[in-house]
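Both complexes below contain chain A, partnered by chain B and then by chain C.
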Partner chain A sequence: MMRLPRFRYFAPTSVKEALRIRAGEGESAAFVAGGTDLYPNMKRRQQTPKTVIGLSRIPSLARLRAGADGLRIGSAVPLSEIENHRKARRLFPALVHAVSEISTPPLRNMGTLGGNVLLDTRCNYYDQNYEWRQAIDFCMKKDGTVCWVAPGSPKCLAVQSADSVPILIALRARAVLASPGGEREIPLEELYANDGIRYLTKRPDELLTEIRIPPPDGWTASYRKLRRRGAFDFPVLAVGAAVRREGDRVAESRILLGAVASAPVRASRAEAVLAGRPLDGASIREASEAAAVVSRPMDNTDFSFLWRKEMTGQWVGMALGDLSRGG
Partner chain B sequence: MARRREKLPPDRSKALVAMTVNGERVEAPFEPHKTMLEVLREDLALTGTKHGCELGECGTCAVLLDGKPVLSCLVLGLECEGRSVETVEGMAGPEGLHPLQKAFADLGAAQCGYCTPGFLLTAKALLEENPRPTLPEIRQALAGNLCRCTGYVKIFEAVELAAAWLRGEAAEPRKESLYGYDFDESGLLPSHPGPVGAVLAAAREAAVDEGGDKPRPYRAKAR
Partner chain C sequence: MSSRRPTRIVGRPFTRVDGAAKVTGQTKFADDLALPRMLHCKLLRAKVAHARILAIDVSKALAAPGVVAVATGRDLPVPFGILPVSQDEHALCPDRVRYVGDPVAAIAATSEDAAFDALDLVRVEYEPLPPVGTIEEGLAPAAVPIHDHGDQGNIHKLVAMQFGDVDEGFARADRVYDNTYFYEGNTHLALEQHASVADFGPDGKLTLWSSTQTPHYVHRALAKVLGMPASRIRVIATPNGGGFGGKSDVFNHEIVVAHLSRVTGRPVKICLTREEVFYCHRGRHPTLMRVRTGVKKDGAITALHFQTALDGGGYGSYGVASTYYTGALQTVTYRVPTYRFEGARVFTNKPPCGPKRGHGTPQPRFALEAELDRIACDLGLDPAAIRREHLQPANSLTANYLRVGSMGLGACIDKVVAASGWKKRRGKLPFGRGLGIACSSYLTGAGLPIYWNQMPQSGVQLKVDRGGGVTVFCGSTEIGQGSDTILAAIVAEILGIDPLDIRLVTGDTDLTPVDLGSYSSRVTLMTGNAAIQAAERARELIAGAVAKKLELPPERIGFAEGRVFDVENPEKGMTFPEAAVAGESLHGTLGTVGHYRPPPSAGRYRGAGVGPSPAYSYSAAVVEVEVDPETGIYAVPKIWIAHDVGKCINAALVMGQVEGSVYMGLGEAMMEEMAYRTDANRNVVHKFPSVLEYKSPTTLEMPEVETFLVEDPDPNGPYGAKEVGQGPLLPIPPAVANAVYDAVGVRVDEVPVTPEKVRRALKAKAQGKPARVGPERFPAVPYPEPIHVRTPEEGGDGKAEDAPVTAAGGVR
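After this line comes the complex of A and B, so read on.
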């Protein structure tokens, strides 16, 4: 049996109580919602918190509301609840599609949106059990000093692998972070840093409480994911794309790449290519080529990294193609 | 002779956790860091739930938590406090096997059988929500359960057959039974028979015998 290390467990019933416990327990405490990311990591001794603070008994974090201000999704809302939410399906079908591509049905009954948004970065040299990592000497993300993906690299290259993140950023989502000092709301893209170890700008004493998505207001969106199997697998390339058109021309667009760096990557040049033009074969082809330039996958997930880079243009083209037909 | 216990970690105190297991109200003493899979197999002697990858990648440990399939290897026992857990042992009733079990047996949807409990429970949750699933819906619902023997076709057929039986239709298996005998009459039901209450009474005493603290009742709120 691969057992969890021992820890103290708390099940607070309010955000305030959770923050108070976190303040008391300090850096060695971890928040957990669904546990589908944290517990495997704990079993493999990638993370060994002394205290685990369960969030599943906090009603405010399990709330999912649709209103005039868009969608507000509590960080502990299970992914399957988003899949089945009628208004979410109508307003943000691309988000619901991305969520339904996460892992498997039982894991979506457990895993939460907050957990996916904060998903630990992944790497073939890191997502292994203790003995495996020990056998080749530990990497810098846990217990070691070297990056086995690129031994000359000064920073960890583990990969941002959350399905929900590229599409949420494309949909202009914002994250609400609570701490003992109060609450702050930031654009979701500001939550991430391109460093496999310090991949979040969230302070450890902050708790992600809610994801807010503004109303569509003329934006349409699409999500496309590359992986080996039709279930289970994390994306090894993900594209979240959204456009707002005026007439038949693109007024604004947001194109996000996932799983090609330690943070989500915004393909700004591809967005610039589309500005003021209709979404047709020519503009989509140019935008796809521009997006592929900023895609720099590393050799640390499934499939060859060269092929994943090559596919970036194809996948961006497919996502924009969805929008040219459906929008 | 005293048992060797030098490898035991220092804190062996257990929590006493109230939950419903296969319809039976139980108070189970177990260590707080245990997963529900470990609690079921080691503390409740319900070994029908199998441990596979233990990392959420195979689905064989699936149980129903408040009616929904979850992977028991990634749910803390403590998180099940006050909730209802159903395992494969809870599927067969006094009248015999659950239609899904009978269909799996009749159609040879189980070969080595290790994935079967997870498939049965996941399929049961599907049929309770959707009595008339299409083949794509069955495939989607079972996408989180790996089987390395059958190639899945017999499993999907068995779910279709059981769904028809549960709707009250007199559907026949598409193929002859590969088992050659009738599972209903064989008496071959998985795992231990009776209620888990007796198992727990013994476990409570054993916990104290082994030098652990007397299990303390656990309630889901912060100290």
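After this line comes the complex of A and C, so read on.
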């Protein structure tokens, strides 16, 4: 069996206490929510924190509230709770759908939204056990110097693979980050950087406390995911799309591609194509083509990357098709 | 071999004897075992695909906390291997590593963590050698061959044989087809990871508990490598959490823990990680195939020329047999009057390939069934009819001297054709939807054992005690297929008792007579026949004693429902325990034995040992697909399968095996790939040894399966039973490819049939290029001049001749 390395474990009961422990332990500490990403990574020695700070006993992080200002989801709310939340299902069916496609039912009982939003980027050369990585001399993301996907690349190209992220950004979600210095709220989009190693703009000592989604206000959304098996698999191409219509014309839209870069990719040209037009066959086709241009998957996930690129237009078309029917 | 009495248990879907323990989590698998003072073992595995070991320094590891012993190749210099002709493995590599994952050192420590931590302290100095990553590279001349045995360079084995006047067969054909196919490697993916516990006792005897399908072969290898008399070694096969051929070899870790227990005097355990199981492998050989087929206009085959090239990985394993198997069973389904087979296996620097469910036959079956579909479509014939009309007849000898007994393939085809609405729907569904058919056959046990001997392949001992208890001792190994249940059912049937009352002792080399193991679909037929013999002998003893007591002729004595009685006056009789007392009073201690030896094979040419079997099972399947032409993604909503099992001993187990085979076959057809990277560092590494990224379907991907059991009893089977564990896998991959063709008109001549390939073929078609994806060419293989064997039809006697045979009977 693959074994966890030794580490110290803390179980604070408040955000303040969690931050204090983090400040004391420094860079060798990691937060853990459900642990469905962190612990497997530790077993493979991709991450080797000496101290792990558990978040599951902090009541404020486990709250899920729906109100006039929309939905506030504590970072440690389990995914299955979101799936089963009546208001969330009614207000944000596309988000609930995306969440229900994350991993498997037992993992969704453990895994949290915060953990998903902060999910490590993935790569076939990196999500391997220690011995395997040793055999390829490691790579830039951990213990090595070269990127095996693109040996000339100055940066890591590991893939943004969290299902909730493209749809949350399409839904204009915001993230609340707490640190000893105080709290800040940023558009979720700004949390990500297109670098497989430094894929978050969050400082390591910041704790994600909440995800806030504004009320729909006329927006409708759809999430479409490409994966090998319907039962479970990380996305290898994902589309989160949302539109607001005035009459039968698109007033605003937000189209996000997932799993084709180290950060979620906004398909701005596709959004521009839709502006002021009805969501019909012609506009969807043009928008899909525009979106496909910015899709640049690399050969580090399941399926051939050329096919994934080719499928981008299809998937954008399907998501927009959902909106033209359901909207 | 079967008794003529009507049956009460055999044929019914009764509960399996190990069912309650399995579903309540109480079955003790190897990893559940723990002994006092037990040490834990970890293997240091090579990080380079091909290299000489220059030096190993274990001093730091030995000094690490918790470490009790360290072993290297020097401690275990004797080679082993499952086949006598391929003794090319070492428990730990002494001087050369041949794939990433090849074990070079072993650590025994007081905890698994301590052993793991110490791995990093072992220093190994390598001199890298050029790695071989593909079949083509394996065929090229090699400066430093991976092994010094083998036919030439990195070519491990070359086979060439010709049956009958193939040239004349092609000359007689109306059309000749020539196509190439590829079947990617894949692995067993049993849920249980291999585990072993060794205990070298103070009495100088060694006990090894191991998740193995072949305790007898492990026993022999341990004796050889450890240099101990076999009589002092006991191997106990723990229930396997799935085997599928992945636990049929003797593995490094089994020998290593035995050695470490001997040197430390403490029990030593190992449980492999999932990654290590991928490195053990022994799965499906990636196989390139070229098929030339001569046919008449009505679809009758006049000649078949089959060439295969197998990627064997780093060691021999079962590879010589696998190579022969890629050419053996083409002849038992449809009439093939003249046949030429050429096969080659190359060594590459990857985990060794070996036997996976269907051993060596799913690859050629895929090619043959795809080829027939092509031929039918080209000739304007119905693909179901072209098969149905040219079946190899029952009770016949094939061109390569395989003796076909019962043959229910026609009935199988009829079932799936009717149930799927084939005649109305095939070729007539809207674009994007399609049906495909394929058939297959598989052995019910290999005719020959792995090492040459004249002893039985299966033995059973049976003990009846004076309390009426019946214990059955048999070397057979329960790998989940239900072998224990079959033994209990057969003995219970004959002695008229409840199968759940029987005590079974199986897979234990100290306590049970040898059964060669759970491979080649041999167990039900061979142990079943041995059990019939032992139980009938016990019955005769007891019946004689009861007859004497009741003053009746022994023929009047019946056994049923726990009683032994007068069949003409059933009230008159006694309970089974009373009958056992009568038996023991008359005869003394009651114990009987039974054994089984397969009939001799008809072929007497070199290579004739692979292919013969007491009986052949048959399957036919129709697969329905829905293809999205824009993406190439397809779904399989339904599969119809019919399997000729001869006779069900237990219908529930038979259905389970059929559906399990369909499931595994569908995984191979649609997604499974044992893929490697050769780019990084010029090292050859497994692409992704994990269950998440080695894509295999889950139960949620399983389509609806409608199963039909065809019972065409075979005179060689117990109650007429034939195999079911492997055969039903075989038709699935070709039926999927054929269905895709029916749906969108493109051929994917490669397994797996992935969405990317379907899409690529559709794009090729749209551009006016050949509407197919598959290997463009077959490599140049230096096959030798084939041996020539006259077919039975040509009046042959099964022996090879010196020169080519002509149809006229002369020698060319």
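Note that the second predicted complex is superposed on the first by the 327 of 327 C-alpha atoms of A that agree within 3 Å, B and C clash if a C-alpha of one lies under 4 Å from a C-alpha of the other, contacts with A are read in each partner's own complex, and residues count from 1 in each chain.
Basically, a residue touches a chain if its C-beta (ideal position, glycine included) is under 8 Å from a C-beta of that chain, and two chains touch if they have at least 3 such contacts.
Because the structure is a prediction, the values reported are computed rather than measured.
In the superposed model, A:56 makes contact with chain B only, not with chain C.
Of the two partner chains placed around the shared chain by superposition, chain B is the only one that A:39 touches, whereas chain C remains out of contact. When the two complexes are overlaid on their common chain A, residue A:232 makes contact with chain B and with chain C alike.
Applying the stated contact rule after C-alpha superposition, one finds that A:3 touches each of chain B and chain C.
Within the superposed three-chain model, A:110 lies in touch with chain B and out of touch with chain C [touch as defined at top]. Judged by the touch definition given at the top, the superposed model places A:137 against chain C, while chain B stays out of reach. Residues 1-3, 6, 230-232 of chain A lie at the contact with chain B in one complex and at the contact with chain C in the other. Contact residues on chain B toward chain A in their complex (touch as defined above): 9, 11, 31-35, 38, 51, 54-57, 59, 62, 65, 68-71, 74-76, 78-79, 122, 140-145, 220-223. For chain A in complex with chain C, the touching residues are 1-3, 6, 124-125, 127-129, 131-132, 134-137, 148, 228-233, 302-304, 306-307, 310-311, 314. Partner chain A is touched in their complex by these residues of chain C: 45, 47-48, 100, 112-113, 116, 193, 271, 273-275, 630-632, 671, 677, 679-681, 683, 685-690, 692-693, 695, 697-701, 754-756, 759.
Touching chain B in their complex are the following residues of chain A: 1-13, 17, 21, 35-36, 39-40, 43-44, 54, 56-57, 80, 103-107, 109-110, 230-232.
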